[in-house]
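Please go over the structures that come below.
Heads up, the next two complexes both have chain A, just with different partners, chain B and then chain C.
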Partner chain A sequence: MELFLQTLIYGLLIGGLYAVIGIGMTLIMGVLGIINLAHGQIMMVGMYLAWVFWTFMGIDPYLSLFLAVPLVFLLGIFLSKYFLQPLIEKESILPENQVLMTVGIGMVLVELARFIFTSDYKSVETSYSSETIALGNISISLPMLIAFVIAIALTLGLFQLLMKTDLGRSIRATAQDKDAATLMGISSKKITILTYGIGSGLVGAAGILLLPMYYLYPDVGPIFTIKAFVITILGGLGSPIGAIAGGIVLGVAETFGATYISMGYRDAVGLVIFLLVLVFLPGGLKQVLKI
Partner chain B sequence: MKIKKLLTILVVVLMMVGINSCGKKETGPIKIGVLLPLTGHMANFGTMEKNSYEMAKDKINANGGINGRKLEFVYEDDTGKPDVGRAGAEKLINVNKVPMIAGGYSSSVTFAAAAVAQQYRVPFLVNTGSVDKITQPEAFNLTTNDGAKFYIYRMNPPVSEYASGLEGLLSQIVKPKSVFIIHENTAFGTKGAKSFAKTAKKLGIEVKGNHQYSAGTVDFKPLLLNAKKANPDMVYMISYVMDAAMLMKQARQIEFTTPKLFVGAGAGFTMPAFKENAGKASEDVVSATLWHQSLPIKGAKEYFDKYVEKFGKDHTPDYHGAEAYSAAQVVADVLKRCNGKYTPETIKKALDATNMMTVFGPVKFTSYGKKIHQNKMNTYVVQWINGNLKLIWPEDLANAKFVYPIDWAANWK
Partner chain C sequence: MKKDKNKPAFITKIELIIIAVAIVLPFVFNFSPYFQGLLIFVLIWVILGTSWNLLAGYTGLVSFGHAAYFGIGAYAAALPYYHYHISPWWGLLTGGIAAVILGYLLGIVVFRLRGPYFALGTLATAEILRIIFGEEEWLTNGHSGILYMTTWVSKYPYYFTALILALGAVFSVKFVMRTKAGFYFLSIREDEDAAQALGINTKKYKNISTVISTFWAGMAGAFYMIYMGFIDPEVVFALHNISIITILVGIIGGVGTIWGPALGAVVMVLVQEFFRSSFFGLAPSWISGMHALVFGLLVIFTILYMAGGILGDWDLIRKKLSFLRKAEVSE
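Here is the complex of A and B:
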């Protein structure tokens, strides 16, 4: 029972983080209609920024969220404005080419990181990195708990933005029907660029939350690009609530698989769920949640 | 008309350059291919090995090169993936036309590349890839009598022998009754775990669990909780560097203090990045190793000091670097014995006759068991004591007294 509870809690905690990683991709998927294959690499940029702030200025990773995330947001704006937007504007270019462009962007980011920081592994060792909180017989790692709380806060914030503000309504409108939104006076170009920025900022934040408990090297991204992709499909393309549910389902399923089947099949568990969803629930969890 | 004239001149110039470069070839550098993971999640190891190859090359060339010609290494990045490694080996052989390949880090990649080298009949000097089958001709549809047709040579011992140095420490000092094995789900990890389970059986140690994981895992706690529940006397881990650091960090987090020993099977556990990233949790962790700078080998200490001088205090080389450096020494020695003809066949003949001393120890390719062209070596045991990697076993070679018994709770406070 204790092992079961502990597994469940770990699954939920890691699931919260997965949700933030997935939401960014799902937003971009909804509005731009492409899978952003540079997602994990953008996360890597966020992590390096936080690492630089920590190593050279002594700024706590959680505080550097306020510094690094806006920078990653600007990076996202820059990338979409000068690299993705020109491809969208040319009608003759297929959307596949934008996906290829994100692959290229990802490669350039990784090699730039390798050029600047070399292939060495970096990690951020804060005073609380290895702290644990005992809850009865269950010990929870503090950075993981903080990451979960901030992840929830970020998600709620995003919801406020999407549901209550003009910008959010414009994003949702563009995601639903680009042409209709344009007819209603929404600049779909502006929204597309902004959405890529927001998606980048979110995954950057997820990376920074991960940093105190994980490690960093130029090739850290691809694993998380795949995770985000699985979550996006699990949740139903373009649905933020679906992505949250997808992230948590993936986190819990992986952790249970790791505890009760085998750690070696951890990723396999996630991918089996991915296949099952594709076959039996092609619309993703969004179909069940009706959102 | 003018354009035509210009073009003619251009063609003539190009032809002259071409002829020139052909003429130069006899005195130009001798190019040898090196296959290493320079990007991807094993880049940390690949970089250390490349640095060592370059150091050795500079020294060889400063001392007159290969019979007057310069030695040059052509690097190909295998990114730690077998398919990329295969393509890399093919490129080295077909495009760069190298008469010999060295390198080979990960077991899976090395095995894939070895198949290519074998197919093209180009000698492949493996310096790290350790899964046993790499030097077993039967894996390539040959027999142990087919030495003349087998182009793979290996400097480092196979993974099944990594823990042999550890046996003495276990049977004489620690005497554990049970072990829990944690390993990466790769060729290196799985075979290493299998052979350690055999060793454990021989020493009368009960194997309480044999669990695998995939590289790059964020959360090892489910696995470690299972291990904690099994309450073993010792935990044996086969991991690359950052997984190793994560395992020890999270063992500390869940207060897994009951084992007498945490033992790593080389690979990640001897790297400076392990200590840097695991911090306190790395203290007193024991690991098998193939080399240590304090061993009484000529040039070992000198190599270590030179490396640290060149790449900084935070980049101390472990056995991986020594393997690469000595592979370069073997390459130079072999080429010098080729009598000026650098073809795969002459190089293979010279490799067969190799019998020399390197910073990694003596190198001689012998056959035993199912293996041929395999260099036989001893293995050792190291321990992280006060943040330094010390050689602790065998006792007569040790440069520090081992710390045992270990109070993990006090270490991790």
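Here is the complex of A and C:
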């Protein structure tokens, strides 16, 4: 029972982080209509920025959220403006051209990181990195708890943005129907670029939250790219609430898989769920939850 | 086949020249097994890229998981050896077949999916296989991989085996694209619903395309095992190093052209080796760290400025080049 509870809590906590990764992806998927296969790689950029701030300036990773996330946001804007946007007007044999472009972008980001920082494993050893809080026989890692709380705060903030502001309404409108949104006077081009920036910023933030309890190396990204699209499909395309549900389901399913099946199969659990959802529940959790 | 005067010859002169050059090339590099090894790698990528191109470039099924077929092919050659000491050379028979079976089974699941979902479905499958083959140690020896003492030291037998496979892949694609099935593939790529409405059994033709494509990917995997003598799941099921690079080879050379992936394979290996070796020691050694970076930039450039790839946009490139030449003359 304790093992069960421990697993469940760990799963929920990591699920909160996954949710932030997933929301970024689901926004991009909803508005741009593409899978962002550079998602994890952009997260890696955020992690390296925070690592640089920590190592050279001694800025705590949680504080560097305020420094690194805007930079990642700008990176996202830059990438979508100069690399993704031009492709929309172009004719090509494969409609997946933009997706392939994100693959190229991801590759260049990883190799740049490898070039600058080498392939060595890096980590941020803060004073609280290995602290735990004991609740009876269950222990909770402190950085994970902090990450979870900040992740929830980020999510709530994003919801305020999406639901209450003009920008948020424009984003949702563009995601629902691009042409109709354009007719209503929304500059879909601007929204598209901004959305990619916001998605990048979110995943960058998730990476920084993960930093105190994770190793950092140039190839850290791809596994999170995969998790991100698993969450997105699991939650239902373009639905932030679905992404939260998807993130938590994935987090819990993974940790249970790791505990009760085998550690090695941890990453396979999500992928199997993903295939099952694609085939049997194409609308994702959104369809079930009716949100 | 019926004789048709209007139909261009199956093998053109340029293709004959390419084949002749390919036969002579290893003898030219007789002095260096290193260069001969590079040539063999080019051929492996020719097979993989061509195989991907039939599925993605001609049929519109953009697979992000070609490593699944490559890996299955490699393990089809390696597993009988590991368990029963049956020569991996039999893999050139079983590798392709195993990949076709996997492709067909997968088709049942992923053919329900379209566009990006298909891409993700294939990607997920390859990743699942990578994890399973790494975990089930009783079957595959897990991450320790399977080792096999290669048959010959000389590269020639391997080179010509690979050359036969590569030509087989290229010309089988060329052949099928000249048949009715080829036109059906194109119609599926352009508009699957319209194709279906016209009475084309899209599922059947997607399967035919998959069978040919996966067969060659599996053969490439089997050959890789025979040639390298060592495989492990992280190598042959690699997401980046196999699945993604396969796609990039296709894009750079030209999606939906017969020789595009072959050209892409040449470009990819050349770029990588030039940089990996720091231009054979001529440039400062830090350049060797940039081989993948340069290739990535090349991919971005290709997608941005010549979406059809080098061969697909050949007319466009030639126009730009001839403009340069004229400008030189006029000056």
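To be clear about the criterion, the second predicted complex is superposed on the first by the 286 of 291 C-alpha atoms of A that agree within 3 Å, B and C clash if a C-alpha of one lies under 4 Å from a C-alpha of the other, contacts with A are read in each partner's own complex, and residues count from 1 in each chain.
One rule holds in what follows: a contact is a pair of C-beta atoms (placed from the backbone, for glycine too) under 8 Å apart; a residue touches a chain by one contact, two chains touch by 3 or more.
The structure presented is a predicted model; accordingly, all values stated were derived computationally and were not measured.
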- Task: Based on the superposed arrangement around chain A, label chain B with chain C as either clash or fit.
- Result: clash
- Is A:Leu167 in contact with chain B, with chain C, with both, or with neither (first, second, both, neither)? neither
- Query: Regarding the shared-chain residue A:Ile146, is it in contact with chain B (first), chain C (second), both, or neither?
  - Reply: neither
- Query: Who does A:Ile226 touch here: chain B (first), chain C (second), both, or neither?
  - Reply: second
- Query: A:Asp120 contacts which: chain B (first), chain C (second), both, neither?
  - Reply: first
- Determine, under the contact definition given at the top, whether A:Ser262 touches first (chain B), second (chain C), both, or neither. both
- Query: In the superposed arrangement, does A:Ile14 touch chain B (first), chain C (second), both or neither?
  - Reply: first
- Task: Could you say whether A:Tyr214 touches chain B, chain C, both of them, or neither, answering first, second, both or neither?
- Result: first
- Where does A:Leu112 make contact in the superposed view: on chain B (first), on chain C (second), on both, or on neither? second
- Note on the structure: Only chain B stretch among 76-84, 292-300 or 382-390 with CA clashes against chain C is 76-84
- Could you give the residue numbers on chain A that contact chain B in one complex and chain C in the other? 110, 114, 262, 264, 267
- Message: Touching residues of chain A toward chain C in the complex: what are they?
- Response: 34-35, 83, 86-87, 90-97, 99-101, 103-105, 107-108, 110-112, 114-115, 222, 226, 229-230, 233, 262, 264-265, 267-268, 271-272, 274-275, 278-279
- Query: For chain A, which residues count as touching chain B in their complex?
  - Reply: 3, 6-7, 10, 14, 110, 114, 118-121, 123, 125, 129-130, 132, 139, 141, 144, 210, 213-215, 217-219, 223, 255, 258-259, 262-264, 266-267
- Message: Show me the residue ranges of chain C that touch chain A in the complex, using the header's touch definition.
- Response: 56-57, 60, 62, 109, 112-113, 115-117, 119-121, 123-125, 127-128, 131-132, 134-135, 189, 239-240, 244, 247-248, 251, 255-256, 289-290, 292-293, 295-297, 299-300, 303-304, 307-308, 312
- Item | Of all residues in chain B, those that touch chain A in their complex | 38-41, 43-44, 46-47, 185, 211-214, 216-223, 225-226, 229, 241-242, 245-246, 249-250, 252-255, 273, 276-277, 279-281
